[in-house]
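Going by the order they are written in, the chains are A, B, C and D; count residues from 1 in each one.
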Amino acid sequence: MLFVELIAQGLIQGSIYALIALGLTLVYGLLRILHVAHAAFFTLGGYIGVMVANQTGSLAAAIVAAMIIAGIGGILVFRLCYQPILHQPPFVPLIASIGLYIAAEELFRIIFGPSGLSYKYAFLQDQVVLFGFLRFKLAEIAVMLGSAVIIGVLSLLQTRTRIGVACQATVSDPQMAESFGISLQKVGDINFFVGSALAAFAGVMVSVLNNMVEPTMGSVPSYKALAIIVLGGLGSVRGTLAAALVLGVVESFGTIYLGHYLDRNAIAFAFLILVLMWRPQGLFART
Amino acid sequence: MNHKKLAVAVTAALAMQFGVPAWAEVKIGINVPLTGFAAADGKSALDGAKLAVADANAKGGINGEKIELVIYDDQASPKEAAPAATKLIEKDKVVAGVSGSYSASTRAAAPLFQAAKVPYVVAYSIHPDVTLAGNYVFRTATMGEVQGRAGAKLSSTLGKKNVVLITLKNDFGQALAAGYKEAAPKFGVKIINEYEYGIRDRQFGALISKVKSDNPELIYASGYYFTAGPLVNQLRAAGITVPVIGQEGYDSEKFIEIAGAASEGTLVTTSLDRDSDSPVTQAFLKEFRAATNAGADMVAASTFTATSIAIEGLKKTGGKGGEALRKAIETGTFSTPIGKLTFNDLHEVNKDVQVQIVKGKAFHRHSVISDPVLLAPPTKAK
Amino acid sequence: MEYEISLATTMAISVLFALSLNLITGFCGQISLGHAAFLGVGAYTAGMLAKAGVPFLLTLPLAMLVAGALGVIVGFASLRVRADFLAITTMGVGFLFVGIVRQQDALGGEMGISAIPDSGMSKLVFMLFAVAMAAAAALLSAYVRRCWMGRVFSAIAEDEDTVRVMGIDVPRFKLTAFALGTALAGLAGALYAQHLKFIAPDSFGFIESITVLSMVVVGGIGSVIGVTVSAAVLSVLPSWFQVIGTYKLLVYGGLLFLMMRFSPGGMAALVKRIFHPDRWGAK
Amino acid sequence: MLRLEGLSCGYGLFRAVSELDLNVPRGTITGLIGPNGAGKSSTLMCIAGHVDLQAGQVMFDEHDIGGLPATERVRRGIAIAPEGRRLFKDLSVEDNLRVGGMIHKADLFKADLEYVLSLFPRLGERLGSLAATLSGGEQQMLSIGRALMARPKLIMIDELSLGLMPKMVDLCYDALLRLKQDGMTILLVEQNTDRVLSVADQVCVLESGRTVWSGTAADARKDPELAAAYLGLR
């Protein structure tokens, strides 16, 4: 019973990781840059979510607003911050991204105050009992179902629509994609929009789960998502999903049974290092 | 008015006579984390300190001289705190220092104040090493171990035997757990399991599943409001209804806001009693709300207290720092929002522990633990 | 004066630390996001030894030895994984170090170690000593870059596979870079522990690793002078920024971003561009 | 149709091709031959817009397209089957072809697909497979097919026969002749000189980034010196 509960909790955590890491993987696949500042959109999503929900009383409106605003923000970051330095060696965008993230975190603190915000209304706080013994918050179910649906729809769009196929082609070989009339800029826009919107969705859901947004809420996801996309084989969407869920479950058990030896972050990274030493291309990468 | 002006003029004339810089303000230095992960507490602390200074200045300052608060951000990091302390002492020549920061930064700063013989009043950092730096360092907070012992006593008062500890993995949480574990056997309290979590953790699902299977009668969980809020909320959502005891880290309106309805009934061992009939406490609570439009929390109250103690001491010495001020604080008794305080020979504070309970979305008095033996802070001998 | 001396000591330690990373990342092209772990290893080694009564000057080589040995182990990772993967692996090493130290009661756990015994030097002498160490590291860096080893380093940084094809023992050089760089970081850590007299796990976390990488990159990756200047300036910037107060980190992060966005070669490139505008653009 | 005038191209300071003149008339097959590193692939990639044009002009349909981005050149009617094929490996054969026709409306896809499948019936059997799983010959067919999906006026094919079994090479060359019959203009880079000379109308021989000979294929075969020096013919 405990075993099942731990798995379930791991999957909840894993689906949050997946939502954040997917955006990162889309960006990495396309541009080969580690977009650390991605986590800022997770935080931004949380803040917009709380503010819109407190104004309108509607969580749906909050989610939509957060996703759209974060998506547009993502496009701006792509065009203004990354596009001009894409031809530089990889550490340049990496450090730029880190700088951007630190600045963003500080902006959140200065604008919204250091102690964070909470929801005025209780959204999805009711309890649900499944199979007689698995007890969840409605928000936890919503996170799992929401991410499953969103990711499912996305992968359908990616394989079934021309734009989706164009994006995949661009990730596979950007130059050739251009040679068939696909504009890198447009694909970049789409990837950043989608990725940032996903992160924002995760941000809203996490803020509902914790009933709190704070300026630093993105810092753990930011580096954990990096670990996940590496495990997933950098740029592989399916690998990222699997890695996120696996990491969620490993952490779930780890906090209980290894908590006295290593903290949660260290567990995640110990796992990461072991895997990389064993399979340097990542856990789920095709070789 | 005229009296005051005259007094000022006379003081000034006298000061010129003796070649003392005439309009020198009395400077008190404070290090607080205004940026970085502890920024929220830093803001509260600074608000508390500013209020104490404003209060004192409104009442005429020290011998008519205005008090100036010199503020440095230490990001709660020892690396930033050390230069900040040196600068306060060297450049700003403060007569007294106040720590409105966490243990790591305070521990880095304390030896510097000690070496310069500038009294340093520490508000809410709870690490034992702080006062070991020397006899110029004072602490107004109840040490972690002491609070932990109070928690164990409270558990037995509630008639609970089987307890699960959920410990925040930093110096604050570990000190609390150590105190709790030390005192638990004395009160017949059994610790059936202990879990640890990191200060960045907000999701406790896995941990809570395990706690549920332990089936405890009470949960003693250390944390700050930003970890405790989600923790208590998630405990309740998982259907765990046993009492939760927290500590002064919970002591913020933000805790109630974040945990929502789940916060009801949470017990907190702290130093601020909202229902106290002490006029000092009530005045502080009122003024703080007026000044910041927010309710005071433990951090604000403690930093207000620490700053006030420095000011009270300075009033006694007539603005002189150094050894005179040290002695004044050492021997004084202070009426503060967190009760009447005196310091022991290690400059730890002697005071009762307040137990507050969340009722109707606010902290209210539950009980007071006053057990001088149990709550005795460490002394020099120890 | 004491404040200035303290600042100068901080500067010197930061320069030493940044130069140590420059050896690995700047010269040899191996990006590390966990370099603070080695600062920590040095600091903890020196701190524990000093508490056990070992004289200060003896703690330094021992701290270098321990940090360097661990550095070689991590260096083996660089043989297995590359570029972005290596960056993430080293980041993991950083988290692992902090995670492990946190749980070791012998190392003070979460509480860290305080009251580290004094070196016996006066503050001024200690500052001069730290400056001398930083200067020595700078000279060593300049020497390494000129000698054969440095050329192999930069060849590896440029194009590792070609170097391998040329029959050069790439692993040996990479491990040497890691050993040198991490040993110097250990030295910086030992000085750090002595300077602050207090160390705790959080002082050697991800933020610190990022900070030092920023120093290297802002200075101009691989440029000894650039890195020295930028480490000196950036290390005391937070203290100067007290004026800006609450906007400090915003300025710091913004600066990092703007530097990369508009002058990815760091200050070194910026200076070159200003003084030799004609040379700019030639690769 | 395509005219290169004094074309120099390369990467940064490196110059891969110097002052190349080349005229590719409409409806012909032009062979570009020469040893490794002669600059043949760079020429094609420069025409496609991926290698920097350093001097000279690229005239296509009497317009200078030298400054246009790659995405625009394919719209003007230039498609490429590049060196190494560079298929979209994670996509199916059908999706690769879909990307090829991305610049046209979706409802043209079916007709264009049929045309490509009539040229390369083997692809029809593999429509659902991932491109990465195809054999070398099938990959080359897909690469050419993908380029054709763009409905180009000019198709550039790089190293058509490299690494292919002779039977596959035959199939591909048959397809080229059929394309020529249908009015397509073809610029072909090839190591297999015999093959080129058998189908090309004219050839241009490059060495070290310079043109060393150009003329009709018939002339090339007749010139004994050229044949011995550059074409490896005995």
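The criterion applied here is as follows: contacts are C-beta pairs under 8 Å (C-beta built on N, C-alpha and C of every residue); 3 or more make two chains touch, one makes a residue touch a chain.
None of these values were measured; they are calculated from a predicted model.
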Any chain in contact with chain A as well as chain B: C
Which of B-C and A-C has more C-beta contact pairs: A-C
Most remote chain, CA-based centroid, reference being chain A: D
Distance between the centres, which are taken as Cα means, of chain C and chain A, whole angstrom: 31
Chain centre separation (chain C, chain D; CA means) in Å: 51
Between chain B and chain C, centroid-to-centroid distance (C-alpha), Å: 36
Geometric centre distance via CA averages, chain D-chain B, whole Å: 76
Numbers and ranges of chain B residues touching at least 2 other chains: 35, 169
Per-residue multi-chain contacts in chain A, two or more chains: 106, 260, 263, 265
Contact set on chain B toward chain A in their complex: 35, 37, 39-40, 42-44, 169, 195-198, 200-203, 205-210, 212-213, 226, 229-230, 233-234, 237-239, 252, 254, 257-261
In the complex, chain A residues that touch chain B: 1-2, 5-6, 8-10, 12-13, 16, 106, 109, 113-116, 118, 122, 125, 127, 135-137, 140, 206, 209-212, 214-217, 219-220, 251-253, 255-256, 259-260, 263-265
Complex interface listing, chain A residues touching chain D: 159, 162, 165-166, 168-169, 171-173, 175-183
Contact set on chain A toward chain C in their complex: 28, 32, 34, 81, 84-85, 88-96, 98-107, 110, 223, 226-227, 230, 234, 260-263, 265-270, 272-273, 276-277, 280-282
Complex contact set, residues of chain C against chain B: 1-3, 6-7, 10, 102, 109-112, 114-115, 195-200, 202-203, 236, 238-239, 242, 245-246, 248-249
